[in-house]
């Protein structure tokens, strides 16, 4: 690996020479631009950054980043990233996937990546639709959705991506959205800083096939009442301080702070508490605020580190490589 | 479908003419024999029962059952079962899978089956090893395991199958083991009675490649201290009444009942409480008792039922089938 | 020019504009009206690869070509006679391929500075000032005229401009003597609930028509009715025809349809189409991936349904393990591959014939299965019906090859009535008497076909699986000779499918000709045109087109070997040709085009003439 | 019979017994000792499909065959000269194939009522009472004698019986004049920490040897050293040789090995073997499935490692989508297919050559890639090294075909020294100066090979993907002519791999012979024996064996076309033959065996003689 002189990048240094070809108004643009803004702040040499994606509108992302990149095949980016990270643990690897790519065809690789805890960052652009194939329901679409492939309404109960990630023993789980650039950048930064697989669900508007899917979480007027911004150590309040969440037994309960409920009784956000994280992931109903931010974080050994350690251990235990003696094996004989 | 005169079956009516070819002492034998004992009690006509499996030692199961059966391909039994159940919702379908078949190659189909809630019963024979391929670590093997493919110890953090199922929105989650026939039969019965996908993890001893993996849960002397038998509405006690579990805030705590702790303070098992179910699934450490029995159950519409309803709705909305007018379409013309 | 009327045997029009310009709608309305007017026709849409590529750019141009006439129309046409260009990018992309003497209809508003720049013209370039003089131009300020026509409607500018396509369509209807009524009916159905939009669309259409009427010195064209065989017709795309073929096979076999698919271009429309016909008891299952789709279909087939899955390119790669299982189980299954440009993700929106060898050989182990190819959009119906018949009657997975060109192209289809479709008779097992002898699921009839015993049938309980099975009983068997017997039985069973074929017919020409052109798939039309032209000029060229690629017809070797020269044009690097050379040891030559777009008849003619003269 | 010594040129011994009887251990010890004694040899184990099939049954019989001699040994032998049968089932399964005049060594304790019944003999049948009289029998109550030898050891009966195999081995060592020392050394290494077990094993071995010494009237055999080319030798199985070949290629290319695999019979041992050599910086990744394995390997290849994945049967089906991606990316990758009986799950523990066409054609789109086949266990080393060389130097995925027979079979291997292995030179990109011109990852050298620029190299940032790419820049391109150019470039790049081949050599015979037998894969040995025999009898038969199957050698067409007759024996229903017929229009004939077991030289000889006489 080349030692690069410390560079200060600007956002545009991360912009490739390829024309961006998403539909005008697509939420992907905002994510791209926040990514290009965040990277200079992270201080990673450009040549050490790799974007790996599957297939989907979202998966075109690598083409637009002036870094190394691979637009692989549908659903397999987590596996590609695993191999790449094992090959070169110094790289900063970003997996870009969609709700179809990551949870439909690629759900298994994603789950295995999470349990193994390979130190890569996964951004799942969830637009609750298959964009690139022009609008079929996805595994995150609500049941009963009318789409091209479900003219009488879809039958499938959707995945809850955060619960799925937690159930797969993810060590970092967060949620953010395309329309809140500051929040998005903060989450991206936290994801990169976490050692282990960072799973970030990004709500992304597909204005062509599923416009407004997340409107209540982004619309100026509605978002306060429908989103819950998580801050470690802080009580869970929303609706501009009017409401809060407390834990009643094992169940979350929305309380009206105006009605004399005290901040002190509220649930304090602790991203290291797995049960709280699980409860936060289950805030998924229409009358519950949707949690945004860091849901869960845990320190755990990373896969590629364990693999590197094993290579070292092997050199200690077995000895240095010696091809001639390896080929000779234990029982050789000479014919003369 | 044929109307079968109500028959009373005996266990041996469910035994096929094929010689059972598991290793002597394999835990699979016990599961097979309990299955053959349970089926007569369920009162389902033999011709309406289908066993569908993937590949693995466990997946040989269908050959030994005198019912319909399919030994399909590795990891895909959940998808096969989905198609079969949609084709014929009257069938009682049992998916037999292993920790490799169901959680390694087949994890995604399993997760999608669970979220869709197709009314089939999944038995995952977890022996924490790949049996058929002669002893590599599996996604449920403990980290650091020495096997043929991990002579220096495995690197993978294992899945927690119950958490994985809950994270995939399973509507029925239970755990049992090969060495407790009564418990096994009860769980099988409950699984069949549940409408929706029943996910049952069965601890199964592979005495050739992973002998004793579950010994502390089956051994007469050790099992009391290490297992927690779940009974709905009952407090969580174990170690022959000496110990219990209570919930301290959001954390489970083991208490010594001898030391004056009261049964009344204990956690009462409620399989309909998703948070409790999640906590039960996380009792996974060495110093925690392993929960056995029904962990979680939820009533939810089944996929094949929704599909059937849609067929009916379509007949109402679109009208009865009429091939000639379908072929003619809306804009036809005549050339004479 | 005077207001004259010219009668033409056929015309090719290419509509082009931005993805948002309503090109596909204009094209399909023109098609529908033309079909009702009694012409033969063929169409082909050409979408950009991106959902919405940047507006105004060449990458964002959406195209639709129609070839129609009073004579038999075999392809959507090569070089167009008429280009409709809604903007500079559409012009730039297509002007080079227009026929000499052709007509260009364009919206001058689409040639302003911004559009010229987006289309990639330099600041000095002015395409309209440097028009090729062998072409005839209608430069119309469509945007302005259309806005004026709608000026008193309560609509924003953007909304007004949306019906520009109908203005142009109206103008073309005038030029080609087409009635407005079919499109007016369509607009009513579509916009009845939005009266202002409806009104705007109607007005635009009429305004365009009227515009033709008012400008002077205009040549109009007449295209007489085609002499099609009598019968009832409709227009149909390949993907719709294929879906209808499956539904028809379901009705005629009495087996409910189970379709499992995972969206992928250009196969997705089959899923979309079938999901609209659940009143036929047809279930559509949008699976989590292609592997789940094919294995769910296998489950449904085990359960007794007509199981089908369709995909393309990378999806086909994923289905190969499942195909092997279906083949081993000997269960009916139709796998449709709507081919697109490969390898890997390749060129998803382009057409290609490059998956034939994968269909024939792309599985582990000895795993022959029937492979069929559709040759025109309407032929997708018959081929799908035939694929389902073979699958159901011969208890085997079948691969049906279509492609992007067939999938989205359209042509008039003389659809059959239900009775004209032969009933399909799957070998369903009779219910067994309740004796104790275990059922033998792999007993075979004289065609080597096993029975289909369905879960729910008492006394027929049995187990199937992917391990080699014992002859007749189906028990697992590792016995060496049994394996060889089973491999051969499965292969012979597939060979016997050829017993059902009618005698092989040349499409054109006879055994006495010197050169045989052998094709498969959508090249039928282009080859037909080329061969017809050559034959008219007296060249001894014959045409053969294969629908059944595997197993080959029994009379094929003799037929092929009787020709001194064989040419095999394919939209790939040579695939069928290798089958023919290998199996029949004929020194066939290939003509290969790998550009994601169909052959022009000229290309085939040129090559054939070269071969004849080399001789 | 007197105590005489007979010198034999070669002997085939088949060890057979229950899965738990230690047959594989006895076989591999005999092999090791025989190798050290300087004979040429070849071995082949034959496992039951089940982990532990029911004890005492025919399905549960485990076999190990060794063919060794003072002359060149090409195969593990056809019909054995000697059968070691530890029980009735082992006897029943193998007695029929013994050579006339052969020797049977059996443990009479394994022929009691229970064992006879388990072996499927009827209550009236008594195989030992009805012994074929053309055979010579040593009926030894091994169980009893062995128990006696260990009577004073502190061991249970079961544990004592465990070393029965060593008793028999000792007896065979006596018969064939083999030294005990190598096995005694082995026992020390293995059991040093369990002194009683170690003692028991030593005693059993010696007791067996002693038994030979004490019984009278015994023919002993002497097999002289083979005249092997001078050098250092070891015994090696195909899977181990293949693993070593990969490690050697890693060392000689300076690229760390990244091996990703998902367990599957008979490929798993490659994963097991490589995971023992992490001191070479070789990483092994046990993936969640075959798709993850190949795509992780692609990731590692992108990262600059020598990436390899191996699988079999159904696993190969799953890798085809990834193969297409690697091919499109033009990244080095070695994909090993250890073929087994198919289709579908098929016959997992049996050998077959039925995935060749899948290797050649089993991908969507035009996707040619180099295909190599190993021809003997030791040859797996060179073939793996060569596959890695081609992948790395030509920036392409390569398929290496092995099979179950090669994987588990063994033979002496004259291993090379490091310097004898040519360095491998991947086209690594030089670090770029920091100017602003974007890097062009798809620029090519004269062999049409692109550079390998690795993440971490500043200034070479670039993006790759599965969509068609523009020539040189690698940008996504939907341009028609560009696609054709790229398809042809990728094909030509692969063709140019053939420039590296040495001139094609016949294994035996010359161009003047009348019949050429063309083989590939493990059939090398059987064909060699058959051709040698025929040539000795004066028949004009030549032998050609292909290691590089795709692209074919440039001198191959001329060579093939010079023979009036061509025979292609394959363990499948005909696969290579179709390539030869297709590409070279030669009327080759096939000889096909699909029984999950290798050819006997006789079978090939018979067919060849038939062809010669038909002529």
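So that you can tell them apart, the chains are marked A, B, C and D in the order they are listed, and the count of residues begins at 1 in each.
Here, a residue touches a chain if its C-beta (ideal position, glycine included) is under 8 Å from a C-beta of that chain, and two chains touch if they have at least 3 such contacts.
Remember, predicted model here, so these are calculated numbers, not experimental data.
Taking each chain's centre as the mean of its C-alpha atoms, the one that lies farthest from the centre of chain A is D. Contact count check for A-C and B-C (C-beta pairs in contact): higher for B-C. Taking each chain's centre as the mean of its C-alpha atoms, chain B lies 39 Å from chain D.
Centroids of chain B and chain C (each the mean of its C-alpha atoms) stand 44 Å apart.
Within chain A, the positions touching two or more other chains are listed as 55, 71, 73, 104-105, 107-108, 112, 139, 152, 156, 307, 310, 313-314, 317.
Multi-chain contact residues of chain D, defined as those touching 2 or more other chains: 59, 276, 278, 288-289, 314, 321, 324-325, 344-345, 465-467. Interface of chain A with chain D (complex): residues 1-2, 4, 16-18, 45-48, 50-52, 55, 62-63, 65-73, 76, 78-88, 90-91, 108-109, 112, 307, 310-311, 313-315, 317-321, 323-324, 326-329, 331-336.
Those residues of chain B whose C-beta lies close enough to touch chain A in the complex are 104-108, 111-112, 115-117, 139, 152-153, 155-160, 163-169, 247, 250-251, 273-276, 278-279, 282, 300-301, 303, 306-307, 310, 313-314, 317. Within the complex, the chain C residues that touch chain B are 32, 35-36, 38, 182, 225, 228-236, 244, 247-248, 251, 256, 258, 260, 276-281, 283, 285, 287-289, 291-293, 295-305, 307, 321-322, 324-325, 329, 414-418, 431, 438, 454-467, 475-476. Within the complex, the chain B residues that touch chain D are 19-24, 55, 57, 71, 73-75, 104-105, 107, 130-134, 136-137, 139, 148-152, 154, 156, 208. In the complex of the two chains, the chain D residues touching chain C come out as 49, 59, 313-314, 316-318, 320-321, 324-325, 327-328, 339, 341-350, 352, 354-355, 357-358, 360-367, 465-468, 478, 480-481, 483-484, 487-488, 491, 572-573, 578-579, 581-583, 585, 587, 593-597.
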